[in-house]
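Shared between the two complexes below is chain A, which has chain B as its partner in the first and chain C in the second.
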Partner chain A sequence: MMSRLIKRFLQTLVSLLLLVLFSFFLSRVLPGDPAKYILTFNNSQVVSSAEGRAKCYEQQYRQMGLHLPFFYFSLESILLPDSFIHLPDNDFKFLLCSLSYYSGSPRLSYSLAKKIVANKENEFLVASFQRVGVSRAVDDLLANRDVTEIDEKFLIDLSQLKSDHENQYWKRWIPSIRWNAENQFHLWCFGGRLDGSGFVSKGIVRGDFGKSWTRGGDVFEMVKFPFLLTLFLSVFVLLVTFPLALITGGWLVFYQRKWYAKIQKPLFIFTYSIPTFWMGTALLLFFANPRMLDWLPSASPVLETKNGFGSWFLSLVSQAEYLIIPLFTLGYSTLIYLSQMVFELLKDELQKPYVLTLRAVGSSERKIIFYYSMKNILVPVIVSGMSVFPLLLGGSVIIDFLFTMPGMGSSMLQACDQKDFPVISGILFVSGLVTMLSFALTDLFTSQVNPLIRQSNFKKNG
Partner chain B sequence: MLRTMKKINLVLLVHLSLFLTLSCGSKKKVDVTVESGNYIELGAPSVFLDSWSKENEVVIHELNEPDNLHPCNGTSQVRSEMFLYLHGSLLRTDLRSGTVQPGICKSMPEISKDQLDLIFDLREDIKWDDNTLISPDDVIFTVKVAKNPGTNNAAFKPYFDLVEKVERVPNSATKVLIRMKKVYVQNVALWADYPIIQKSFYDPKNVLDQFSFEQFNDTNFHVDQFNDLNEWSTNFNSPPYGFDAKLISGLGPYRLKEWQQGQLLVFEKKKNHWSDKSKVYAEKSYPNKLIFKVNKDAISTQLAFLKQEFDASTSLSSRGLIEMKSDSMFNQNYHGRFVDVYGYTFIALNTKPELSNNALALSELEVRKALASLTPVQPIIDVVCKGVNKPVVGPVARMKGSYNSDLHLILLDVKKANEIFDAAKWNERDKDGVRVKMIDGKKVRLELELAFLSTTPEWREMALMIEASMKQAGVKVNLNMTDLQTWLDKGTSHHFDMIMGSWNSSALPEDYAQLWATSSWKENGLNFSGFGNEKTDAIIDSLAVTMDESARLGMEKRIQAEIYSEYPYIFLYGLVRRTAIHRRFSGAELYGERPGVLFNMFKLSSIGVKTSATP
Partner chain C sequence: MGEMNNRNKWNHWSLKVIVFYVFISLLAPVISNDLPLLRIYQGEWSFPFLNQEQEYNFSEKTIDGGFEIHAPFGYSSGKSDPLNMSFRGPFDHQLAQNKKGELVEIPLMKRHWLGTNLLGSDLLADILYGTRVSLFISVIATLLASVLALFLGFLAGWFGPTSLKISAVKMLLIFLLFIFWVHLLLNVESSAEGWLGWGVSLFVFIFMMKILAKRKMDVIANVKIFIPIDAIFLRISELFSAIPRVILVLAFIQLLSASLLSIILLLALSAWVDLARIVRAELQSIKSMTYVDAAVMSGIHGARLLLIQILPNIWPTVLVFMLYTFAGNIAIEAGLSFLGFGVPATVKTLGGLISEGKNNFEAWWMIVFPGLWLSVLIYSMFCLSDRLRKTEN
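Up next, the complex of A and B:
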């Protein structure tokens, strides 16, 4: 048993590592630039002057740590100096390289590239370059503009780049792997400090998920209650549907020759095929509608979050009637899926020789189904039940939207909409972690329930 | 096989009957009259039904919560609407008349002959929550905060760049002088509804006193060089000042009591507030609480209205309000009204596509003209807007005196569009029926992208109708649904062919520069289409400095005519506000100006307080 535990722990650890990488990169590959989003969100992209926008953008970009490379290593052209790694964004880097190759002045190229990217004029200027030639376009455009301040070290690198480009053009196509001690992933995982931006984090390894880029609050504090609500709903659905599915499946097998057991299949197919969103809407229209049956509320509960978990839980319980329709919407398909599974497994189980023996010795049909056969089918049902768990967590997006529940789904949707990477990464990480833990627990539980698994472990250890 | 088919049929049949059961209802003729005018009184109820709540609070339906409630840093529309209850301002937009009126001042500002100095005389009855009187120092502080380069209010900086300095008027305890840098039509309107904040609350150590307006006007001034200011700015910009009820303080009659993220905000009425004695209608505050509840789902919102869980909404869809108005239960409990507002929907056409590698065809005026004739404006209004909205000819709302009624609506006319295309030598077609033309030796297809917002399903419905209509004349439209950021990026970077959206305006004098000046196009502002020339810029510049209404009128009509003749936009329809307000209140009024309703004026009907009756 111990070796199984250790093995499972190590497997979970590897999965956890993959999860950390996955959560980080998935949040980062979302389309759109979060710095631009925040500035757009604050309307500054619209009304302020071009110079003001450029300044705001760079400040925002650095504050968010987006100027750092993604990961510990990156693939770049061998021609590119190290100082380029810290350039604001890829558009800028690309443009600067292109300009440096063609223009006579690195200083001017830097200044121009900065203005072009900040002003989002790329398309316009590229077209202009094509028409009049890059060098002339650069000279024309810079004729009356101030030159942006530039670091001398960077200037040397830029000059070197130009000279390398002229003398060793082939180097441009040779890739090199670069080591980035300071990077976004390290900052997120292990924490650190960003000079000049006031950003300080302990990293997720110390339980610090960072701060939300849009609301500024602690990510953990922001997603704590939404996550608890989703977890509560998912666990509740599982705890209720699991025994209910065993009873329903067993009952259907027991009465399988009766007419009402015979119509269960088309009825199950019908109900199972109703999309969750539609079911939720239909339930609302039937049971929360003064024109039909005005039994239940249509809105979501207002949960108290200011005074900690206790008051949150009390407010949730005291408004239990608000949860009936969401819980049913979330759980009906799981119940049908598991009931049907129990029904089919039990039917197969009843064909086995030991059942014939049991019948021969006079065991009642009820006892055979609900005791002997049920025990034998528990493992696959538990495994299937737990595999539904991530689906339940995912299903919360629909539930949250439809019933305006303050759950993880609505937090995730909002964060994706606002390109709030720390919140997205945090939610992905926590929900993944819970799913992984649930699988690990299932594994341990099934090994306890199934004598065959226990025996095989015993033999291996022996 | 047959058995499986039977099962599938049964499933389909039951689904269909369930759908029909849920979707069928009594189809009544609903009054969708759109009311116009500066304000509409809803009157008091003649009876107070037993089912009506007697709580003296207003529960307001919102689609979104504000980005924050920081007094300076934030720009969402909901936030500025909520500020009407939390803050006071030098001037206020008078919703009844659609004009600017004194707020916390005794009268409108005295304006110097050069039109650059504005002298505001503060009222002597206005007090902060700590019972101290408002002083010119608070106004000076407010403007200093807005101008401080360390304050994270990029959206408002350009407006405050217009201010040179603010100072006390010598020998007066109530007068404050604001010196503007240049004459501008909105120099006075700038001070309407901008919250004045308390110096002693936000800057108890008087950090900003150490800095002058001259320093903040200097572009080389860097906050990083001053530790005190840097520290103060960082603290002031921090999220608690936008979310924490204890750190949000203003002159308004309500204070933020509770904010459950994503769910609701509760505003509580202040006791013994200065506005209790005010005679100004907009300063009255009757409800004890204003509760803003977020609900994005249309069905649960409608059910909540049927169950009287909401008292008011200005965020309903036309379809939603029409459906609710067809229900007698809703009509018994609510006023459901459609009101014209200052705004319109449009399709901007990229008139300078050669500079952004976009569809070259749009640089031709004839093509733009034909596209306008191919746009099914009236069918869109009938199908998507349920006949509620009205078509518009230009960027000025019908309600305004400056609306150019000489311009005629462009009607859907496929035949005319075909003739225009043929005359413009777009008469050849590709194999798929799309028109083509040789431009500079290259074959150009009449294939355009139409970008639109993903915020509501109505945009998609409209885009599909436009796509189908344009296809009839050999124009291929590729639809591109985008989020707000991408939409703005596309527009401001001019990287689009056609972009559909809407602009909101107000009853106040229009500043045409943002949308129509060539400088706004060059600087990646809101002139998406590239409209403009020296002549139109001259009119816009004149409008920016002309205060005289009669002089403005002619110029405004001329600029509308110029826009009309150049087809930079295809104008679709004017915006309409869909409002539902519970009948248990008296005193409710509807306005054309934003936010459309003042919830502080909702007075629980006196018959509801004293007795209850059954109709």
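Up next, the complex of A and C:
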């Protein structure tokens, strides 16, 4: 038993590591420059001068720790010294790296790139480097030396660069793997501070998912209550549907020869094949619509989030009538899925010889179905009940969108609209984490409940 | 008996419904079009419906005794009918212009049978064209996902926890090649040189492998390490089944742009897990059967063994789960367009139509008809897979 526990724990740990890597990947592999995106999105204090803007940009860049390499290992050419990668200015970094690649001599490239960037009139040069590539740009410059007002020294450097390119060209082909002690992944995962750049993070292991790009707040604080609402609804649906499915399945088997038990299957499966979003829309159309039946409110509950968990929960419970349609929309497919499963399993179970014995002994049919057989099918039903959990979390996106509930889905959709990647990756991580933990718990629980699994495991190990 | 069973199992109403949907969606431009399918005018034959850009001109027909064949439903998707704008229901008064230019009640053949939307576009035509998009996306995504799932499931199920062994030197070589290729991909941007590098390094790699395969190198090549491919598969599949599919697709669609291709790719990448697990489980039970041993002993290996010997035996189960995946893909694609993050808004889809109706509750037909149409499709898929599963047992 102990070894099984340890093994399952290690497996969960590996999966969690994969999840962390996955979320990190999502939060970093973006089109464009996040620092620029944040500055253009929140341009509350407009800085007029170009110098001020550059300073702002550098500050933002360093605050986010973007000047660090991504991971513990990085794969670079031997041409790029470590210091090149840590530069805060993206344009300068691009120019420097491409010059260095071109020539194979970092020192010369650095002085040249510095010169190009320092001279404000040469802004078009950087653009041309980006546009046509380094070798074309250098050739053009050397060919039309009268067109640009560049001093002699610069031209000498440039021709030196070209000759270096012809001699040391091969160096760029050689990869080198580097170890980075300070990197973005470590800071994101375990937290830490960067002296001199203002970067402070507690890391996701302590629940710090960073700051939202567009709304500025702490992601954890922003997502806390929405996620609680979604989790509460999902767990509530599971807790309600599970016993309900057992009872429904049992009754369907008990009355399986009656006509209404015979037509239940196509009816249930048709309801099951209705997509969640259409079910929700149709319920709103028929039951929360002044033109048809105005029985239930179509608005969403207004939740109290200022005074902590207790008042939040009270405000949720006191507005329970707002939750009827959402809960039904979230839960109907789970209920049908589980009850059909119970029905099929019970039907097979009743064919087994022990049921015949029980009948011969004189147990009532009701007791056979609801007690003896139910015990035997409990484990697969629990396992598939827990496998529904990610579907419930995913369904909450649609529920939140339809009923404008302040749940995780609303946060997700808002973040998707604004391309707010810290929030997106945070939600992805948390929903994956909760599901993985529930999978592991289910495994342990079923191995405890079912003596067969326990025993077979015991035999295998010892 | 078995053959009878095999012939009968496809004889079910649900398959007919699915084939009907596929036909409808393939023939949508012929079934519902505002342009004539065929026009014979002054002895010249033309097919105006192939060119959707042009507008239908009533007067053209009346100039001369020309001959035209029209589609059964006279509206194209997305083209607005200016006389029946802003949500005209199926039972409402619908207007049309007669030859004298007066507004009259629409003739029966030209009615909007399922109503119109805000811009006066015909709902029936929108549904037909939307089914086309939905089916196209889900079919391709399901096929891609199945290929991926079969590959990964085969790999994990066939090799199991310990039996994939690879020579340590070969592993090292593969690792070096991998490092070099990633370096080329990330750092050396010039494409011509990049391709040269890929080619040369691959050539060197194959050459080294050839040397290793010689008998003299046996001592080096026999130092083997095993790869726990089964455990890797299980962990990755746990990761993909733990993250809700909607959230996964929503998150990654922000990285790629929302286009048909990216939706297909993301649906495929998020749909393989269940099928791959089934394939793995089937393979584990089938691996120890005698016919597999016989095949191995007669010298069949690798892809040939899997595709010719094993795949036909697990095919019925795979087909059932492919149908489930298909139904799931259709539902998720519709849900994404409903949320507004699916295919670009210019493309009509079933989910997009329902979300259009959701904002205007007086137009109940915008909600009811596309939803029913979608549900019947998904329902018949469930029924077909149920049928296949039952005849299998």
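Please note the rule applied: the second predicted complex is superposed on the first by the 335 of 462 C-alpha atoms of A that agree within 3 Å, B and C clash if a C-alpha of one lies under 4 Å from a C-alpha of the other, contacts with A are read in each partner's own complex, and residues count from 1 in each chain.
We adopt the following convention: a residue touches a chain if its C-beta (ideal position, glycine included) is under 8 Å from a C-beta of that chain, and two chains touch if they have at least 3 such contacts.
Note that this is a predicted model, so its numbers are computed, not measured.
In the superposition on chain A, A:Phe270 makes contact with both chain B and chain C.
In the superposition on chain A, contact is made by A:Ile177 with chain C only, not with chain B.
In the superposed model, A:Thr281 lies in contact with both chain B and chain C. Legend: residue contacts after superposition of the two complexes on their common chain; A:Leu402 is shown touching both chain B and chain C. Of the two partner chains, neither chain B nor chain C is touched by A:Phe343. Look at A:Gly217: by the touch rule set out above, it reaches chain B but stays clear of chain C.
Applying the stated contact rule after C-alpha superposition, one finds that A:Trp188 touches neither chain B nor chain C. In the superposed model, A:Asn289 makes contact with both chain B and chain C.
After overlaying the two complexes on the shared chain, residue contacts for A:Phe370 are found with neither chain B nor chain C.
Note: residues 266, 269-270, 273-274, 281-282, 284-285, 289, 291, 401-402, 419 of chain A belong to the chain B contact set and to the chain C contact set alike, using the contact criterion stated above. By the touch criterion stated above, chain A contacts chain C in their complex at residues 11, 14-15, 18-19, 22, 26, 29-31, 75-77, 98, 101, 133, 172-173, 175, 177, 266, 269-270, 272-278, 281-282, 284-285, 289, 291, 387, 390-391, 393-395, 397-398, 401-402, 412-413, 416, 419, 421, 424-425, 427-428, 431-432, 435-436, 439.
Touching chain A in their complex are the following residues of chain C: 179-180, 182-183, 186-190, 197, 234-236, 238-239, 241-248, 250-255, 327, 331, 334-335, 338-339, 341, 351, 354, 357-358, 361-362, 364, 367-368, 371, 374-375, 378-379, 381-383, 386. On chain B, the positions that touch chain A within their shared complex are 7, 10-11, 14-15, 18, 22, 67-68, 73-75, 152, 154-155, 157-159, 224, 234, 238-239, 242-243, 258, 260-264, 293-297, 299-300, 303-304, 306-307, 309, 327, 329, 354-357, 483-486, 488-489, 492-495, 514, 523-526. Only residues 32, 36-37, 39-50, 52-53, 56, 119-124, 126-128, 196, 198, 214-217, 222, 226, 265-266, 269-270, 273-274, 281-282, 284-285, 288-291, 294, 297-300, 302-306, 401-404, 406, 410-411, 414, 417, 419 of chain A touch chain B when the two sit together in their complex.
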